[in-house]
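Just so it is clear, A, B, C and D label the chains in written order, and each chain counts residues from 1 on its own.
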Amino acid sequence: MSRVAILGATGYTGTELFRLLHDHPGAEVVFVSSETYAGNKLSDIHPQFREQEDLILSRMAAEEIPTEVDLVFCALPHGESSGAVSALLEKGFRVIDLSADFRLKEAGLYREWYELEHPEPALLGEAVYGLPELNRGAVSTARLIANPGCYPTSIILALAPLAKGQLVKPGSLIIDAKSGVSGAGRTPKQPFHFPDCTENFKAYRVACHQHTPEIEQELSMLAGSEVKVTFTPHLVPMVRGILSTIYLELETGKPEEELRAIYSYFYGECPFVRVLEAANFPETRLVRGSNFIDIALKMDRRTGRLVVISALDNLVKGAAGQAVQNMNIMLGLPEDTGLGQLPI
Amino acid sequence: MSRVAILGATGYTGTELFRLLHDHPGAEVVFVSSETYAGNKLSDIHPQFREQEDLILSRMAAEEIPTEVDLVFCALPHGESSGAVSALLEKGFRVIDLSADFRLKEAGLYREWYELEHPEPALLGEAVYGLPELNRGAVSTARLIANPGCYPTSIILALAPLAKGQLVKPGSLIIDAKSGVSGAGRTPKQPFHFPDCTENFKAYRVACHQHTPEIEQELSMLAGSEVKVTFTPHLVPMVRGILSTIYLELETGKPEEELRAIYSYFYGECPFVRVLEAANFPETRLVRGSNFIDIALKMDRRTGRLVVISALDNLVKGAAGQAVQNMNIMLGLPEDTGLGQLPI
Amino acid sequence: MSRVAILGATGYTGTELFRLLHDHPGAEVVFVSSETYAGNKLSDIHPQFREQEDLILSRMAAEEIPTEVDLVFCALPHGESSGAVSALLEKGFRVIDLSADFRLKEAGLYREWYELEHPEPALLGEAVYGLPELNRGAVSTARLIANPGCYPTSIILALAPLAKGQLVKPGSLIIDAKSGVSGAGRTPKQPFHFPDCTENFKAYRVACHQHTPEIEQELSMLAGSEVKVTFTPHLVPMVRGILSTIYLELETGKPEEELRAIYSYFYGECPFVRVLEAANFPETRLVRGSNFIDIALKMDRRTGRLVVISALDNLVKGAAGQAVQNMNIMLGLPEDTGLGQLPI
Amino acid sequence: MSRVAILGATGYTGTELFRLLHDHPGAEVVFVSSETYAGNKLSDIHPQFREQEDLILSRMAAEEIPTEVDLVFCALPHGESSGAVSALLEKGFRVIDLSADFRLKEAGLYREWYELEHPEPALLGEAVYGLPELNRGAVSTARLIANPGCYPTSIILALAPLAKGQLVKPGSLIIDAKSGVSGAGRTPKQPFHFPDCTENFKAYRVACHQHTPEIEQELSMLAGSEVKVTFTPHLVPMVRGILSTIYLELETGKPEEELRAIYSYFYGECPFVRVLEAANFPETRLVRGSNFIDIALKMDRRTGRLVVISALDNLVKGAAGQAVQNMNIMLGLPEDTGLGQLPI
């Protein structure tokens, strides 16, 4: 039984990590921290955990973490996370960082899109982008995992087989993505106030969302050449789920069935990727609460364009579930340990 | 065409007032204020009003209000409102106050339930409780209207015919009320953050909600003797609407049909009260966006208890619509002027 | 005061027509029909209309409609509507048809997309496509109006200035549209059953939705050359609203501000089209319950693609409100008569 | 590993059973049936189960169930269930019946409230009411379990310590209960059509809901004398959850703290009952997806009335979770086996 710590345990991803690890047969949460709520029991802040093994929230300080901890999940806001991660690595901990701080390889891109000077650029080279379906080997031996963003996970997995095969016509990629509200975090703000948010649909950060360079970096790496995308995120009045609708032109025409066969082959060993049969399409409820990502392909015969649609739960495969999947690989456990929950 | 002002125009009730008055044939909004957003256009804060007659939000100061204004709606938070109202009255304005500050007749009760010393106790005697169905005459000549609370409106109107007729057995009243989230106001807070609020149902302020003494005061006045109630409010994951389910024992048994006849008689001249036929029950959607209150009666034959159920839109009949209804009466207009919208 | 009839008055668009016409100063509903509920009062089926002027639902037969009726709204399902319309015209009534039956000019397209032989192809030439912003003149004298579809309205108005100016690069149009559930009609079906529908987001009829040819027909007409689009509709867990996110390449680069100026000019006389200022984007709640369509433009500088986003209420500007707007023009009334409601 | 069958596997409770049993370490689903969908794979009807161990839905016939099955869950509609159960018992299977057919001890009550002649009255005496917190011993050896209704579970557990202690004043019980929409089942109907159901709140079957006699029967048994209640169910626009607000007078005054101590003692060995500390109240989200029931007590000092509030997930503790809990006891497993999921 490995021992793990969660820093930033009271936000939505920290809480989801706690929920998933509660039933995990190979790992036990022994330390939780929260700047805001230090000193309280976790169940005072999240009463759904009442009468369960009840941890006290510590302040976030590397030296307070018991040395027997095998792995630390860092679920702090971007900007704050990098300093904490650096201290953790120095203490000898392996770290899975759920913030955006170590996802971009270039400090310059980070500065441009997050409007912050990167506090720990020296670590950028070492961090492994924790998308297990693509980087399983590197994940297994990594000291530092940059756990991917929710939108990028839904998009990169939806496109990897095509990108890797250089099948996408350069410049043709348009991504229209839609997310539930939990993606915006747990801090109350006007746009997420129930009466302003329910019964409403809107786009936001049109053509300027900070996940854009993360998507482009990974797709470029896969394709072996620079990829640029138009990316529009939208807010859906629901709690969990991301659905990405992606439009592209193929370099050379291929029948839909052949593309589907390529996807099935590509993800053959991946327990959480479900490539849907023809005429089936993803719905966010069909993956809710689970670590699955569902992917469908549809050729628009009239225009020759390919439409790829993916769905995942942003708090699970888009954050905490993927982090547990990475942890499993780092600890030498089967990749799907403790992640067998069916969608609810 | 009368000229009116709205103080606190950017909260939910202020905004709803603006919406309702926009189409009103006898009144025109000429002044709007907001402490937080003074200097902005109202449509900068509420873009649904774009390209409409566009007012600039002023600071809230009695001396800034044009003297030709005929009536001022005060939609400020309780505690803040009383000082403003006092200044307005001094300037000679007639005022409809939508806060709780002038609803209770006794300053002691205000202190007990709102945990504030009342700043203007001298005005409590003059304020008219603005429930037009019960106090039409006093409203018409009032200088200061205390616009009733949303829960109290739904409950007092549901019980007035029984209370007035001394038909309710003392001590038997239990009120189980349920409100949409707009009742909690526009300021973002954790319990109203979309992911914490949707797909959730709960009771709150159990047996200690500040609307309790307002309900008891008005029912006692109607009954001519002291009335005490058990009152439990609940939060429903929807924006608008209050449904109150009220349980009571009758002093003397009466058939359901006879009670219904009494209600129909009592509300015969009231355009916004709909007494439902037998076997029909209120639903909040059936009054949404309108100034109606629907009331149903059902005798539980097995226990001899009467169940009274009422529904209204908390922002309309429970706040802004009722305020406009009071304004109409004060200005000598037909009571339903500008309030003819059907439920949406 | 003109007299109008509504055939199919109990569906969502028929009901919305009744709601909008209730307060209309120039028209009065004197006849309502429903095949399913004939013989009932409208308020038995839609109790929100209780205690209002109460019409009995008739069977749908042209001969039952009083001859003094000036105009008939036909809100029947496609396929059923054309026969009814033909009979109405024969009786001498002017008709606004809210079904899809008279929107496509070619019977062959109708057969292909609706999988029905068109019952009244002879009338296709005469029907005027009722988008007042584009066809005001033809609407004013028409005998038969084909009221546009909800998606097409949101898309055609979002693109008309560009299409008319031949500014769109052929083949570049991608439309990612999202609709609330009322667009699917009032008949209960599994995908719209509350527990299956709330907290869910999905695409449907990917690259094969029946509104595609309607969009292409009107854009082609405006552009003067054949336009083809990729169109993906999605279902949003809310009742009202359509938001369309449209991607395109321009024939020749133009700054965003210049394009915005073109739109403002193009829609200068249109009371219901609001072209948003830079950095403002539509939200469905900002048009809810109103006849507005909000349109925003955003140039994705990194890819050179233009993103156009529009929002409307599918039951108002996307159906019943637009029908009333057409009626106003046909009756010689100001176009916005009875349509002044602000968003709720 | 025990083998179990689910009859009626495609409704909401059948599906929830499948979800919960999927991860159960001591039981395996080997047979599923559905009248409507026989011949299909379960995952064709519920695509969230794609790529999991994939069972074909059989027709519901006792002889098709493999003889090595240890226990059958019967999730058929009431009226249909009793015949099936009788056939299963004859074949020698142990049965947990999730319908209402075997909950009432008197066939006369069944006739009165369900308006059906009971098809198998001879089995009523044998059926054990499967509320493990009260009947653990009888459950362990039972051949036939009547799994309790969702409302009754939330109410009986909220009152059992008081009823058992004869602390409730006769005739004083009023139950105001609120349920999510999944309680109404999976068949689409008008009141549960998304646009009619969301943003709406209403009471239904006021003073005549068929769960009334089940509540009274069990409370009477506990109290040792006849108990009658006023019971009003309401529909909340959310999928899962029941919250019951219960009002009563005590036979003899007791401080709230003492009552809380009694509850804690009474449920000391019950892993799924959480008695909340003073000033804490249940919320449906805090039990969602879990088998917990949360219970709070609050004395209304002003009226001397006690308010008891409970919350559970109607599909878990109110149906499928409770059925698994019963199965565990019948199979000699720890009561909470496979039911450790934290609320989501």
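In this text, contacts are C-beta pairs under 8 Å (C-beta built on N, C-alpha and C of every residue); 3 or more make two chains touch, one makes a residue touch a chain.
Note that this is a predicted model, so its numbers are computed, not measured.
A.B. asks: Select the chain at the greatest separation from chain B, using centres from the mean of Cα atoms.
C.D. replies: Taking each chain's C-alpha mean as its centre, the farthest from chain B is A.
A.B. asks: Quick one: report the Å distance separating chain A from chain B, using the average Cα coordinate of each chain.
C.D. replies: 46
A.B. asks: Using mean CA coordinates as chain centres, what's the gap between chain A and chain C in Å?
C.D. replies: Chain centroid spacing, chain A to chain C, equals 39 Å.
A.B. asks: Once you find the CA centre of chain B and the CA centre of chain C, what distance in Å lies between them?
C.D. replies: The computed centroid separation for chain B versus chain C comes out at 37 Å.
A.B. asks: At which residue positions does chain B touch at least two other chains?
C.D. replies: 180, 196, 198-199, 237-239, 283, 285, 288 - these are the residues of chain B that touch more than one other chain.
A.B. asks: Which label fits the chain touch graph of this model best, line, ring, star, complete or other?
C.D. replies: Shape of the chain contacts: complete, all pairs touching.
A.B. asks: Using the touch definition up top, name the residues of chain B that touch chain C in the complex.
C.D. replies: 18-19, 22-23, 47-52, 198-199, 274, 276, 280, 283, 285-290, 294, 340-344
A.B. asks: State the interface residues of chain D toward chain B in the complex, per the touch definition above.
C.D. replies: Of all residues in chain D, those touching chain B are 171, 174, 176, 178, 180, 196, 198-204, 206-207, 212, 228-230, 232, 234, 236-241, 243, 245, 247, 281-285, 288, 298-303, 305, 307, 309, 311.
A.B. asks: Which of the residues in chain C come into contact with chain D in the complex?
C.D. replies: Residues 12, 180-182, 186-190, 192-199, 237-239 of chain C touch chain D in their complex.
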